[in-house]
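You will see two complexes here that share chain A, one where it goes with chain B and one where it goes with chain C.
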Partner chain A sequence: MPEPARHSAGPLRLPARRESLALVREYVGKNLEACGLPGDRRLRLELAVEEIAANIITYAYSPAGSGDLECGFAADGKTAEVSLTDWGAAFNPLEKEDPDLAPELDRREPGGLGIYLARNLAGSCSYRRDGGRNILTISMPLQPEAGSARSKEEGA
Partner chain B sequence: MEITVTKKANAVILKVDGRMDASTSPEFDRECGALIDAGERSLVVDFGGLEYISSAGLRSLLSAAKKLKAMQGQIRLCRMGGLVQEVFALSGFASMFSIYPGVEEALA
Partner chain C sequence: MTENYIKCFKNKNFSILEILAGELDLIKSPTVLKLIKNVLTQVDHPDTIIDLKHLSYIDSTGLGILIATKNLLEKREKETVLVCNSRKILQVFEIAKMHNFFKVFETTEEASKYFDEKRN
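On to the complex of A and B.
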């Protein structure tokens, strides 16, 4: 019998349109459940995936929706990893500047926060350009990392 | 996401349960828009049952807050926890909104 935490799934390729977000969420949610990622880290990873996917849907293609978005999943027993691929112009969202976090309501414009949240909530994010594809990989350890504030709390 | 609306003497409470994401936030926009159009100027949003909010949800809240501010109204939030609280802290939204521990405090 396979170890429950070790799990991978065939990729899901969809049109890069807003309607596809629900299917991405379903695919990721199902796989994260199968690999046993606990609730709080599962939600953080789901959020990072939603933000990156939404960014692809809005910006990867011109006109918007004229290309595809592919979502992949793998877990090796230690880490759950979701990859998001598009075939748009080379773009590394991780190099995007942090948004203005001004506390005044009047100065804040909607948007710009998604990538920032993804970067800060996922365990780690990495980008590579490969054969005309942008591949963004978001990963989260299945267990709290040794030495993190959380594991210290748990050990106390 | 599920929204339950309760009218009080001087405010309307919107209890938002589940997930505020790109797919569900438009529903929050519609609900807030309808309440504001009906003349409501004081909204209390109860996040006690909300487990997830993405930037799409933040955008909806910001747009409701701006709309209300322009009409001398206001939006107050309460019972925030877990990831929702973390997203508010990270995004700076925690210092833009009036946030209360409970519904009673938000109504006071």
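On to the complex of A and C.
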């Protein structure tokens, strides 16, 4: 297996609109390809990023307002990190409670699923508020931890 | 053409709702949900197989569509099952604990057999 590469990319700043989601997907996919993250974890990280980006597009700015979404990428040879920044009101998605996923709830609603998925898909997530910006960083190890369930699954 | 996002076949014991859109994401999901609601209100809809074999990507808005469809049909005491054999999509179902909520079959034949046996 080739060594995962160190790789970073300039940030991508876009209007926080649904149409921008495809460009975020392309930016993240291209950079994950360049740093050699393998299929299973690449899928998880891509989906986690998309869920957070979709959340920013839908909720970061008031319905009448508008603003930007910025995506950044860095890989240090051990971990790939994608950061997502918005200039909306302070909001830490990691403090949001998990949705109730109990099967017996016949009125189970999809609300909150996106953040829940992102948290569970990513290797780790961190949030900070800095100068009027919400910055969420999503990380994934480039190599599976030896002996972990995920590494066995990927080796299968 | 948004009409090509879904296709519906009716059978004696069940119907098959085939999702033709390759992705159920923030961009396509609102249209797909609208089309599904149109189909469900136009006919007296029986038990339903949602066939996801063309799907290559699903996010939480797509999961929301599946949940909304199941809830709509459940109100009429009809069952909804899924057909999916994509490891990528199944992995998302697993994380969202969708397997607690839906029966998932690998093929439409298996899902059809399930409804045929339920009726007989």
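The rule is simple: the second predicted complex is superposed on the first by the 139 of 156 C-alpha atoms of A that agree within 3 Å, B and C clash if a C-alpha of one lies under 4 Å from a C-alpha of the other, contacts with A are read in each partner's own complex, and residues count from 1 in each chain.
The working rule: a contact is a pair of C-beta atoms (placed from the backbone, for glycine too) under 8 Å apart; a residue touches a chain by one contact, two chains touch by 3 or more.
These numbers were taken from a predicted model, which means no experiment stands behind them.
Following the overlay on chain A, a clash is recorded for the pair chain B and chain C. In the superposed model, A:Ala90 lies in contact with neither chain B nor chain C. Contacts of A:Thr58 after superposition on the shared chain: chain C is touched, whereas chain B is not. Once the two complexes are overlaid on the shared chain, A:Gly114 sits against chain B and chain C alike. By the touch criterion defined above, A:Leu21 lies against chain B and chain C together after alignment on the C-alpha atoms of chain A. By the touch criterion stated above, A:Leu47 is placed in contact with chain B and with chain C alike. Across the superposed pair, chain B and chain C both touch chain A at residues 18, 21-22, 40, 43-44, 47, 50-51, 54, 101-103, 106, 108, 110, 113-114, 116-117, 120-121. By the touch rule above, chain B contacts chain A in their complex via residues 21-23, 51-52, 54-56, 58-59, 62-63, 65-66, 69, 82-83, 86-87, 90-92, 95-96. By the touch criterion given at the top, residues 25-27, 59-61, 63-64, 67-68, 71, 74, 88, 91-92, 95-97, 100-101 of chain C touch chain A in their complex. Contacts from chain A toward chain B in the complex involve residues 18, 21-22, 25, 40, 43-44, 46-47, 50-51, 54, 101-106, 108, 110-111, 113-114, 116-117, 120-121. Every residue of chain A that touches chain C in the complex is listed here, in rising order: 18-19, 21-22, 40, 43-44, 47, 50-51, 54, 57-58, 101-103, 106-110, 113-114, 116-117, 120-121.
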